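Before we start, here is the structure in question, set down as structure tokens.
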Amino acid sequence: MPSKLEAGVRTFAGCGAPYDESEVVLFGAPFDSTTSYRPGARFASSSIRSESIGIETYSPYQMEDIENLKISDAGDLELPFGNAGRALDVVETFCGKVLDDGKMPVMIGGEHLLTFGAVRAVAARHPDLRLIHFDAHADLRRDYMGESLSHATVMRRVWDLLGDGRIYQFGIRSGTREEFDWATAHVRTELFTVRGIDGCSEAVSGYPVYISVDLDVIDPSEFPGTGTPEAGGVSFKDLLDALLCLKGLNVAGFDICELAPHYDVSGISTALACKVLREMLIAYY
Amino acid sequence: MPSKLEAGVRTFAGCGAPYDESEVVLFGAPFDSTTSYRPGARFASSSIRSESIGIETYSPYQMEDIENLKISDAGDLELPFGNAGRALDVVETFCGKVLDDGKMPVMIGGEHLLTFGAVRAVAARHPDLRLIHFDAHADLRRDYMGESLSHATVMRRVWDLLGDGRIYQFGIRSGTREEFDWATAHVRTELFTVRGIDGCSEAVSGYPVYISVDLDVIDPSEFPGTGTPEAGGVSFKDLLDALLCLKGLNVAGFDICELAPHYDVSGISTALACKVLREMLIAYY
Amino acid sequence: MPSKLEAGVRTFAGCGAPYDESEVVLFGAPFDSTTSYRPGARFASSSIRSESIGIETYSPYQMEDIENLKISDAGDLELPFGNAGRALDVVETFCGKVLDDGKMPVMIGGEHLLTFGAVRAVAARHPDLRLIHFDAHADLRRDYMGESLSHATVMRRVWDLLGDGRIYQFGIRSGTREEFDWATAHVRTELFTVRGIDGCSEAVSGYPVYISVDLDVIDPSEFPGTGTPEAGGVSFKDLLDALLCLKGLNVAGFDICELAPHYDVSGISTALACKVLREMLIAYY
Amino acid sequence: MPSKLEAGVRTFAGCGAPYDESEVVLFGAPFDSTTSYRPGARFASSSIRSESIGIETYSPYQMEDIENLKISDAGDLELPFGNAGRALDVVETFCGKVLDDGKMPVMIGGEHLLTFGAVRAVAARHPDLRLIHFDAHADLRRDYMGESLSHATVMRRVWDLLGDGRIYQFGIRSGTREEFDWATAHVRTELFTVRGIDGCSEAVSGYPVYISVDLDVIDPSEFPGTGTPEAGGVSFKDLLDALLCLKGLNVAGFDICELAPHYDVSGISTALACKVLREMLIAYY
Amino acid sequence: MPSKLEAGVRTFAGCGAPYDESEVVLFGAPFDSTTSYRPGARFASSSIRSESIGIETYSPYQMEDIENLKISDAGDLELPFGNAGRALDVVETFCGKVLDDGKMPVMIGGEHLLTFGAVRAVAARHPDLRLIHFDAHADLRRDYMGESLSHATVMRRVWDLLGDGRIYQFGIRSGTREEFDWATAHVRTELFTVRGIDGCSEAVSGYPVYISVDLDVIDPSEFPGTGTPEAGGVSFKDLLDALLCLKGLNVAGFDICELAPHYDVSGISTALACKVLREMLIAYY
Amino acid sequence: MPSKLEAGVRTFAGCGAPYDESEVVLFGAPFDSTTSYRPGARFASSSIRSESIGIETYSPYQMEDIENLKISDAGDLELPFGNAGRALDVVETFCGKVLDDGKMPVMIGGEHLLTFGAVRAVAARHPDLRLIHFDAHADLRRDYMGESLSHATVMRRVWDLLGDGRIYQFGIRSGTREEFDWATAHVRTELFTVRGIDGCSEAVSGYPVYISVDLDVIDPSEFPGTGTPEAGGVSFKDLLDALLCLKGLNVAGFDICELAPHYDVSGISTALACKVLREMLIAYY
């Protein structure tokens, strides 16, 4: 009796498969120590699980129910606050194990730097990996206040790994002049919108793909609960259309990052994040 | 002297007519006991009246002033928390009296279940009633956790009363697979948007119409103060256009529901609800 | 690996024993449909579990660690919103099973009415039960708006079951004249404070005891997150002293009720509730 | 039917007497234009009326029910924002009328400057008036940024009217050196606490008395919803004891000021203000 | 060392030029005494400076960095709360000095009335001044509760100065019937949107222009932190396009008004205001 | 003119002395990367400066005005998020310079770990340093999740430096069993209260003293804006009495830590912190 009772509370909506029987493994990564402005993304996974009781498990967009899928929710990793290097190692190790078990890892960040840990695990197993990146911020600094590991440098670190022309950015509307200049030569950056997602989808077809959604790509009106809100973003509908456009690709892993629920006492940011996660889980299953 | 002083505080903006001289009777229905996720809609009418001092009584959309209309604000009904059946009876009785006095009832919910009480009163006097329903949620479950009376079942209960083809839904973007399947055969459901409102308006022309606006049809960015926020909604402008498209119909009653003001400390949800109510009162007077 | 990771998130701090090996069974009761003023106590158990990561499992007040005790956290019951009678039945049934399995039930409400369900289960097995009740409100109305089952009537319903002189109230500072008059003849009510707890402890010694803590007995400054805040309450320290004074009694079950976390965005109310729960679990184990 | 329904919402709890039959007249004064730090006290009366449904009309402290008293709630005055002089005139005129009708005026501020308007009306009819003043701030500046009318100068303006030795201050814990020096010679100031209230009560016995409670005299933990919170205040219980100590005096009028409800989303400040008002209405009736 | 450390905190992002070397002078005007609904705009400049650390100094919209421009941040003016006339004089005097020093004044309000002070200074030096006004509210009342100086009358006062046909309004969606009727004959008002900005730009080309942005022109979903939110507004993107359309005009001064940060605990309103200010500083430099 | 205008905004209240002329140097340390529960203390110094306009510069407790003292506010240090070691180095270096310039450093944290940086600088110059520590938490862990540098280990690191019997703790009410056991042998820990402060004051008389106030020692009712609220704390008055009891000691430096302003939208936590800082600056000057 208790085990059944607990199910709804303890996992993300509808993700009740045991680890061994699952094809997709969801996990939380509560860490935000390098956040440069307003921290709090560490509470995203806890909030998303608790509040997922407020959304349906069925998607009218894709006419599919998440309860029909074999997804396990592995809970949260234990990440050491204040030590970015070790945190990345833990994420990489866990994702590696999931991949080696033949399953797809799905991370609920935490700050965006953690994507680098997941990508390291995926790229080690898929050397020709492509990364599709939705974000308000370019995240392409070489360092931030002297630190190479930061949520403001994460895509530069990913580029260190993947090299030129394999990172596709969408929705970018904030950065330094240096970042934008550097981006021109090394990554493909769509400013302000998700236009060009079709072309991107074609370009990466056939390759393994990692999809990283920094949820602050969405306009702060729809998603105020984030550390660095940046006006002029895309809508949930725009993002959803773009994400569904990537359905059918060879997705090797994905994440959603940078929900900081304390800044949004209305709860709409967490509710939106739940819905994005539900749609991504169904689309890339 | 006191009566003049009190006017602005105690009634919805501009609705100062005595009951006997009024053509429209506004009332609040503070009840939310069957709310499945976040309760608090019971405070909607109190909040709407208090904050209506922040909007003008004049509408630049319709070039009309609510102060020119004969509308009385009857205050709030006393509804017994925890007893959905009795609450519906009180709403039905009050609406019945208003209708029998030759006036139009306008309800400020409260949770959406209360619409069933109002519709029972209207349908008893207008057997060929049509219902136009704006909502994020289908509200078509047969029961919820074993309860037939719930804010998640209200449109199914209305259908019990009105039958096939007489309920028009707009903006629906959440429900179970069963609800969507059932809807196909029994009601007309416009997913995600208010498209098709013109056709609906023509179809119901000549019939008595009840209009029920679950305000969560609006995107949570514009209306965060609600129990079950659902990303991907329509805008205030879209809703207003749709509502004005229904001007001229034979409206027998209407309501706005599911404002839960505590979840939105900025107050924009209540301010929006005030404006929707002002426009509906002018449009359907 | 996942199961260990999840432990901290999914149960109340330190309560990780399997049901079969436990001596105490903690469960949540998310229900608040009869709340008369501000609902939201349904979110208490979810909030208490999530935020219990912010307190230590060790008590410097009792020099004991909750991790050394065999306590299981059974998750939340499924209670039908809007149907108080059925909700009480579910609580009673679950508590009965726990008692019949030789364990002590501990409930995280929810609204205070639910105490009646737990007490029915305990009293059926311990006919000479005494109840010690901490609260700001007398909760002794015969009915509330015509309803006999309400969080404002719960102690009257308990009296229906236990009879005169077996209910001890502390901290009461709100009620109708009728409640206070009735209380004089039927229950023992300490106004405003917890004075007299020693005498109470002696009086009930040897009898089975149920302890019900409506957390709003605490002053709203320390516990703002509740539906009906009432100035002039006792402090956490006063309550803790009183609760520790009851250590050694034959406690058959207990509960904490009426945390409504949404009203306190600072989180101090949930943090305090976690600490009260930790101390009670250690004291009455 | 409507009129009865509205009663609970539209007036302060239990204050339903018609003006002509009343002995006490309650009114709101929504004005805060001279507030020096955080404005918002204009919303106090609206908030107090709405939320007074959360407290009982019966006082267990005085064993009396406010419903047994003849008190009318006259609603809010219309005060011109940005013009302190005119606002004071409106308050003075209304209080004068109430006094001339043989009733006691009771004001819900608004900022503290408004007390000067009420005191002008009372002092004109009771030349030997004494004033008892509870506050965190001395409010004794000669001017504030060049303005003689300010919430920081109000007691100096009252002194202009009443003269030396007739103002008794309690709880003061903030001011300039000049204010404290000046106070020594002209008013009686109790720092930090309400000690000495007995002596004050004796001293003013036989004289007409105006009691002004700037609610920020209470500690910010119990009353965070105010414009200028000042740590180290008195408790609700201390204030209540002091206020009850003044029972039996010849009270000619009183007010509560400086609740700014927006700063306290938990609502405990408004709930406390409701309770202070209930107790004062019963005590000084 | 300290001076460098302090720079980021104490001025708006990137505005570090000394006054004497600057071409543009930014200043704050903390005043909101005539606000008719919810005050708090006095905290806008403090909030904008503090939170400007969250945005980049580089604009990807205009490909320019504010750090390359000679802009000084002069801090806040001292304005006497409760005395609108004197506050306007202080604003006028300061703007006059800035203009006489050959620099452009840029004001962070405060309430919208303050625009009148700035315009008086600019118009005295540029008699053929045109004003472009973005706002939700017409602000064209002759007086408000008898007061000629109010945030609801400010554009009428500007018209007193400039005369017919020289004020261009955009985004207006709230006012009395009288205001809209009066506007037809005296100013050019674009209802609801910023359409027609091209024509306006052409019409004022060659004239000195003052641009006043009441930020509540933006939809409350994107800008909830304002005193009088009005649903149905323009988006940040719309406003930005309109503002960039005015680039190249002879801008003599500008302001942004009516951010009231306390109403938006998420901080997105301040973040948006920072971005509007950055873009305007770059565009009109 | 601008420089004068800016003074009130840019420094803590009354701390306007130039660095070279000052005897005390105040600085902010915005860092919270090792915070184990709820981060946000990085915003303390910004919030304290902005909101210090709400308190007087004069203390009625000590009858002294901070404006009479030579205190400079050096702004905030630039600390690299995510790198605790480097952050400590920056704090140590800056404090060392201040000390070498013959001035007393006063730090506004940030998280409590930063105290270790300041103590390293002070202890290097005062080898017989004593430390007096007010806190809810023992902060005596050997490591936290494997990290030796953490806000949960800070006093253990200080002990590494100072050795047995030189750390005096007050108000401690949270920790692991290991911490409390270890404390018995190595530091002097007063549980729950500030009793024994007199004895401590005598014991350290003659020695150089560093005073570290983790503001969460205060009860969460008075100080909700902190990362790890712990019920059952001391009052502001208790803390102030204890701090004034230390007046006259040879204070070599001090700090206040762990204000996390975002968790307290009422602002009372920041207001209290401002007052504690004012009193400490006057007492230990």
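We call the chains A, B, C, D, E and F, going by the order they appear; numbering starts again at 1 in every chain.
The rule we apply is simple: a residue touches a chain if its C-beta (ideal position, glycine included) is under 8 Å from a C-beta of that chain, and two chains touch if they have at least 3 such contacts.
Quantities reported herein were computed from a predicted structural model and do not represent experimental measurements.
Enquirer: By that same contact rule, can you tell me which chains touch subunit D and subunit E alike?
Expert: Chains that touch both subunit D and subunit E, as defined above, are B, F.
Enquirer: Among the chains, which has its CA centre at the largest distance from subunit B's?
Expert: Between subunit B and every other chain, the largest centroid distance is to F.
Enquirer: Where the centres are mean C-alpha positions, what is the separation of subunit C from subunit F, in Å?
Expert: Each chain's C-alpha centroid was found; their separation is 38 Å.
Enquirer: Which integer distance in Å separates the CA centroid of subunit B from that of subunit D?
Expert: Spacing between the chain centres: roughly 40 Å.
Enquirer: How many angstrom lie between the CA centroids of subunit A and subunit D, rounded to a whole number?
Expert: 54
Enquirer: Can you list every residue of subunit D that touches 2 or more other chains, as numbers and ranges?
Expert: 38, 78, 219, 221-222, 263, 265
Enquirer: Quick one: which chain pairs are touching?
Expert: Every pair of chains in contact is listed here: A-B, A-C, A-E, A-F, B-C, B-D, B-E, C-D, C-F, D-E, D-F, E-F.
Enquirer: Please output the residues of subunit C touching subunit D within their complex, sorted ascending.
Expert: Residues of subunit C touching subunit D: 37-38, 172-177, 180, 191-192, 219-222, 224-225, 228-232, 263-265.
Enquirer: Which positions of subunit C touch subunit A when the two form their complex?
Expert: 1-3, 5-10, 19, 27-28, 46, 49-50, 72, 74-78, 94, 97, 265
Enquirer: Any idea which subunit F residues touch subunit A in the complex?
Expert: So the residues of subunit F in touch with subunit A come to 32-36, 38-40, 42-43, 78-84, 86, 144-147, 149-150, 262-263.
Enquirer: Under the definition above, what is the set of subunit A residues touching subunit B in their complex?
Expert: Where subunit A meets subunit B, its residues are 53-56, 58, 60, 63, 65, 219, 221-222, 236-237, 240, 265-268, 271-272, 275-276.
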